[in-house]
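Heads up, the next two complexes both have chain A, just with different partners, chain B and then chain C.
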Partner chain A sequence: MSVDLFSSNYFEIFNASFSYDIDLNEMGQIYLDLQKSVHPDRYANASDQEKRIAMQQTSLINQAFQTLKDPVSRAQYMLKLKGLDMNSETDTTMDAGFLMEQMEFRESIMDARDKNDPLAELDSMAIDLNNKMKDLMDAFTRAFAEASYDSAREIVRKMQFIIKAKKEVDELSEKLEDELM
Partner chain B sequence: MAYSEKVMDHYENPRNVGVLNKDDSNVGTGMVGAPACGDVMRLQIQVSDDGIIENAVFKTYGCGSAIASSSLVTEWMKGKTLDEARQIKNLDIAEELALPPVKVHCSVLAEDAISAAVEDYLKKQAG
Partner chain C sequence: MALLQIAEPGQSSVPHQRRFAVGIDLGTTNSLVATVRSGVTETLADDDGNHLLPSVVRYQPDQTPVVGTLAKSHAVTDPFNTIVSVKRLMGRGVADLKSLGEQLPYKFADTDSTVPRITTAGGDVSAIEVSAEILKSLKDRSERTLGDELVGAVITVPAYFDDAQRQATKDAARLANLNVLRLLNEPTAAAVAYGLDSGQEGVVAVYDLGGGTFDISILRLTQGVFEVLATGGDSALGGDDFDHAIAEWIMPQVGLDESTIDPSIARLLLREACKAKEALSENDQVELDIELSENQRWFGLLTRDQFNQLVDPLIKKTLMACRRAMRDAGIEKNEIIDVVMVGGSTRALRVREQVGDFFQQEVLVSIDPDRVVAIGAAIQANALAGNDPDGGMLLLDVIPLSLGIETMGGLTEKIIHRNTPIPVSRAQDFTTYKDGQTAMAIQVVQGERELVSDCRSLAKFELRGFPPQVAGAARIRVSFQVDADGLLSVTAKEETSGVEAHVEVKPSYGLNDSEIETMLRESMDYASDDMKARSLREQQVEADRVIEALDAAMAEDGEDMLEADERDTILSASELLIQMRQTSETAQEIKLAIEDIERASAGYVAKRMNASVQKSMAGHKVEEFTVEEEKP
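So, the complex of A and B:
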C-alpha cells in the first residue's frame, strides 16, 4: 500500500482530489482494489499484529467509501474537515420559506393517495425531488469551492429534508404498488 | 423503540392540529425543522389584546415523539402569557412524555417552535 491509510483523509485513501464532485464509478473501482489488497485471505500466514492492522484497514476503507458515496455524508465530512460541526441536533431554525415549502410538500405526499393516478403523482414528485437534490449538490460544489462554508452548511441541511421527503415518496409508492397487485 | 403511553396518546389523538391565518396580526407562526431526521413542525399561536395565548395549533411531519411534543405544548400554552409560554423548556416536555435520550431532540424542536412563534408575533406587533 502506497499511502498510510491511517493518517489520510477519506479522499486521499481513494487518491481522489478534495472536491465534492467525485467520480463514483472510479472510486468504486479503487475501493474494490483496495479491499482486495487488505483482504484477510492475504494475511492467512501473517502475524497477529499484521492481521489486526489489515482488519483495521478494511474497516477504515469501508467507512471511507460509505461516507463519500452518500451525497449528504460526503458533504458533511468535507465540512467537518474544515472544522464545521454538522451534528447539532439542537440547530432547528432555518430558512422559513424553505421549511414552509417542505411542509406543503409533505402535505401533498399525503394527498397523493386520493388522486386519480396516485402513482403517477408520486413519480412526478420523485422527479421533482431528484432535480432539487441535483440543484443542491451543484450549489454545494460552488459554495464549498468558494469557501462559503456557512452557506454550504445550510445547503447540506436542506439536502437532509429533501432526502427525507424522497424516502417518504418512495415508501408510499411501494405501499401503493403492493396494494394494487 | 417502544413509545411511552403519553406519547402514544398524543400520537393517536393529537390535540389542536390545525392552521391559523399567518397573515393575521394577532397570530404568531413558528416554523422549525430538524435536519437530522427531516422533521418539520409548524406551531401557531393566537394572542388576545391583553397578551394571553387564546389558541395554539400545530402541524408536524415527523416521528411520534415530535408529534407528541408539539401536541403537548399546544395544550400547555393555552391560557399562558407569552413570557410564561417561553418558560416551557424542552426538558419539561421530555420528562412529561418520558422521551428516551435519542428522542430528546424532538422536544428541543417543540421548544424552538414556541420561541419562533412568539418572536414572529412580537415582530408583527412591533412592525
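So, the complex of A and C:
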C-alpha cells in the first residue's frame, strides 16, 4: 500500500485512525521519525529539486502535526474533512445556558483581582477551565463518532470560548505576576 | 600494507574524502570559527594562538579593512572609522537606528538605499559589508588551518533575529564568498554541543546572553533529535547594555552628559565600564581610575550592590522572556532538567543568581560560554557536509516571531504564529473591499503586536491586473513559505484569474540583488573575470553534486523504480550534463543542462522521496488504511 504525503489527509500521514481520540505520544514519535527521513538537513548535499521537495514535505508534516496536536484545530480539521466549514456565519445559535455561564465566568475573572489571593483564585479558574475542556473533548469524540456533526460543531464553538477564557486568565496572571515581581 | 579502499557502486567517486565545513559564531563582541577534525570538534586559532576574533573592523583610506585585535586597539582613538558591535545594526533600517542611535557614535551617510551606511575614512559601508569582513577573516583562517577550500559554513544567528536580520547575515556571507549550509540559531547550537557532550535526555533551557543579543530556548532532547519547543528573547539586549548602564552611572559623576559627550570619551567610558563589570565577577567592589583628559582624572568606586542595582532591570527583562517561552512551550519549571548558560555575559554573577532563582535550580556553567555556540555549529556543519552519514542527529527549530500581513485599518493578520516549527508553509485567503478593484497592495510584517505600525515591516509588494469584480468576490490567496534557515518567501495569487506575484522577502531593509552584485563587483577581490570564473566554478560544483546524487540513486533503485524509457531519458540528460560539465566555459550552459536533468528526473525524485517516507513509517503499526471509508 503506498502513501503519497501530498494526497493523504493528516491522519493518514501519521498512521492514525480517523478518530478524535488520538495518542499524542505515539503520534509525536512518528512525527520525529518522519522528520528524520524528510527534513531538509537530510538533503543538504542533494540537488536543488530534492531540497525543494524536502522543504515541502517537511512543511506539510509540520502543518499536519500542529493541526492534530491542538484540540480545537484537530476538531475543526475533522469537521472540514466532513465538509463542514467552521467559519461559516450561518446558524450560530448557541446554548443559552452555556453563554450565560461564560459571561459570569468572564466577570469572575475581572473580580479575581480584588480577591485576597488573586493568583490562587486564577490558578483554580485555570484548573476549572482545563476540566471543562476535557469534558468537551470527550463530548466531541462521542458526537463525531455518532456522526452528529451539528452538535460536534457546537462543541467546537464552546471549546473556542473556553480557550479564550483560558487566555484571559493566563494574561491576567501574568500581569499580576509582573506587578508582584 | 594498507588495504585499498573501494567505494560502493554509486557512492562518492572519491571515497573518504573529507569535505571541510566550519561553524561560525558571528558575535556582537567576538566571533569564532570551529570545525570537526578526526572526530574532535575544536575552535580554530589565528597565527598568534587566539581563538576569539574581536568583531571589530577599522577602515582607513585606500587600505584593506583591518579586522580583530588590531582594529579593536583603535576603538577609543578612532571611533568613527572603527566599527564595533556591528551585529546590532544588521537588518536594521534608517528609522530603527534612531532608537538605537544615541548609543552609536557613527556618522551615517545620506543614501537612497534603505540600508543605512556608515561614513568612514575608507568610504561608506553597510553593516552587511562590515560583517562580511569579519566572515572573510574567519574563512581565511579556516582555509589556512585546514589547508583546503571550504565546502561551506553553518553561521549562527540569535534565535530571536527577525527575517531581515537573518537575510542580512546571509547576504554578508555571500559577500564574503562563503557558502551557507544553514543559518543556525545560537541556543540550538549550544544545545547540540551540550547534549552530545552530556548525553542527557529531557527538556533543557538554554539561556544565551551575549554582547548585544539575548535568547532563551526551551528544547526537548531525545535520541539525537534536538527539538526546539519555544524560543524568545530580545535582539537588542546584551552585555553591551550593562556597560552602558555603568557608563551612564559614571557620566553625571564626572560632569558629562550623554547628548554632548565626545565620542572618544564615550568609548573610553564604555571600555572602563566593561573592565569594571568583568572585575566584579571576581571581586566585591572595583576601583575606577579614568583618565578623561591630560589634566582630568576621575577616581570612583563601584560596588557589586551598586552594579546589581544598575543591571537588575535588564536581567528582569530577560526573565520575562523566559516566562513567556515556557508558557509557549507548555512546560513547567520542574520539567526542566538543566539550565544551560551561554554567552559571555552569563559570566556576571548577578545573571547566574537571578536566572537560578527564576528556574529554581542551580544553573549549568561548566561549559565554556564563549565557545559552545561555534562548537555546536561545527557539529552541524560537519553533518550537513555529508561527513557523518550514519549520524542520527536532527535539529528541529521554530520561527521566533509571528509573520502576517496588513489588513484593513492597519491591523495585522497573523498567518504563521511564533514558535511554529520550520520549515512551514501556510496560505490564507483575502478579498477586495471595493467594487471594481483590480490591484492589491500586500505588506508583510513580523511581530506580535496588533497594529502594523508596531510590527516590523519586511516587504511591500503589489498584485495587479486581476479582473474587476464586485467587492468581496475576488479570492486572493497569500502563501507564506519559511525555509529551514527561517527565511520567508511570499506568493500572492488571485484564484479566479490566476494572476500571481512572488517575492523573496528582502527589499525593506536588506540589500537588493543589484546592490549585492555591485558590491561584489566593486570589491577588489572580485574583478569581472573573477566573477565569471566564480559562477562557472559554482555551476561545476553544482553539476558534480547533481551527477553524484543521481548516480547514487540510480545504482540503488533505478532498476526497480523506473520504466525503461524513463531511465533512458534521465541517462541521456545525465550524459549531456557530464559533457557540459567537462567542456563548457559558461555557467549558463551548465545551468541549463542541470535544469534539463532536473526536469527529466522530477518524477523519479518524487517517487524516491515518497519511498523514503514509507520506509520510515514501516516501523509503525500498519492499521491506518482501514480508515479509507472515512475519507471525505
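Criterion: the second predicted complex is superposed on the first by the 173 of 181 C-alpha atoms of A that agree within 3 Å, B and C clash if a C-alpha of one lies under 4 Å from a C-alpha of the other, contacts with A are read in each partner's own complex, and residues count from 1 in each chain.
The working rule: contacts are C-beta pairs under 8 Å (C-beta built on N, C-alpha and C of every residue); 3 or more make two chains touch, one makes a residue touch a chain.
Keep in mind that what you see is a predicted model, and the values were worked out from it rather than measured.
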Next item on the list: Answer with first, second, both or neither: which of chain B and chain C does A:99 touch in the superposed model?
Entry: first
Check: Given the touch rule stated above, what does A:165 touch, chain B (first), chain C (second), both, or neither?
Finding: first
Notebook entry, point to check: Where does A:157 make contact in the superposed view: on chain B (first), on chain C (second), on both, or on neither?
Noted result: first
Margin query: Quick check on the superposed pair: does A:139 touch chain B, chain C, both, or neither? Answer first, second, both or neither.
Written below: neither
Item checked: Touched chain A residues, chain B compared with chain C -> C
Notebook entry, point to check: Both chain B and chain C touch chain A; at which residues?
Noted result: none
Margin query: If we count contacts the way the header does, which residues on chain A are in touch with chain C in the complex?
Written below: 1-5, 9, 11-12, 14-18, 30, 32-42, 44-50, 53-60, 62-63, 65-66, 81-83, 170, 174, 177-178, 181
Note to self: With touch defined as at the start, can you tell me which chain C residues reach chain A in the complex?
What the structure shows: 181-182, 222-223, 225, 227, 316, 320, 323, 327, 380, 383-386, 392, 394-396, 420-426, 481, 483-484, 542, 545-546, 549-550, 594, 598, 601-602, 605-606, 609-610, 612-617, 619-627, 630-632
Checklist line | Of all residues in chain A, those that touch chain B in their complex | finding: 87, 89-94, 96, 99-100, 102-103, 106, 156-158, 160-161, 163-165, 167
Notebook entry, point to check: For chain B, which residues count as touching chain A in their complex?
Noted result: 31-38, 40, 42, 59, 61, 105, 108-109, 112-113, 116
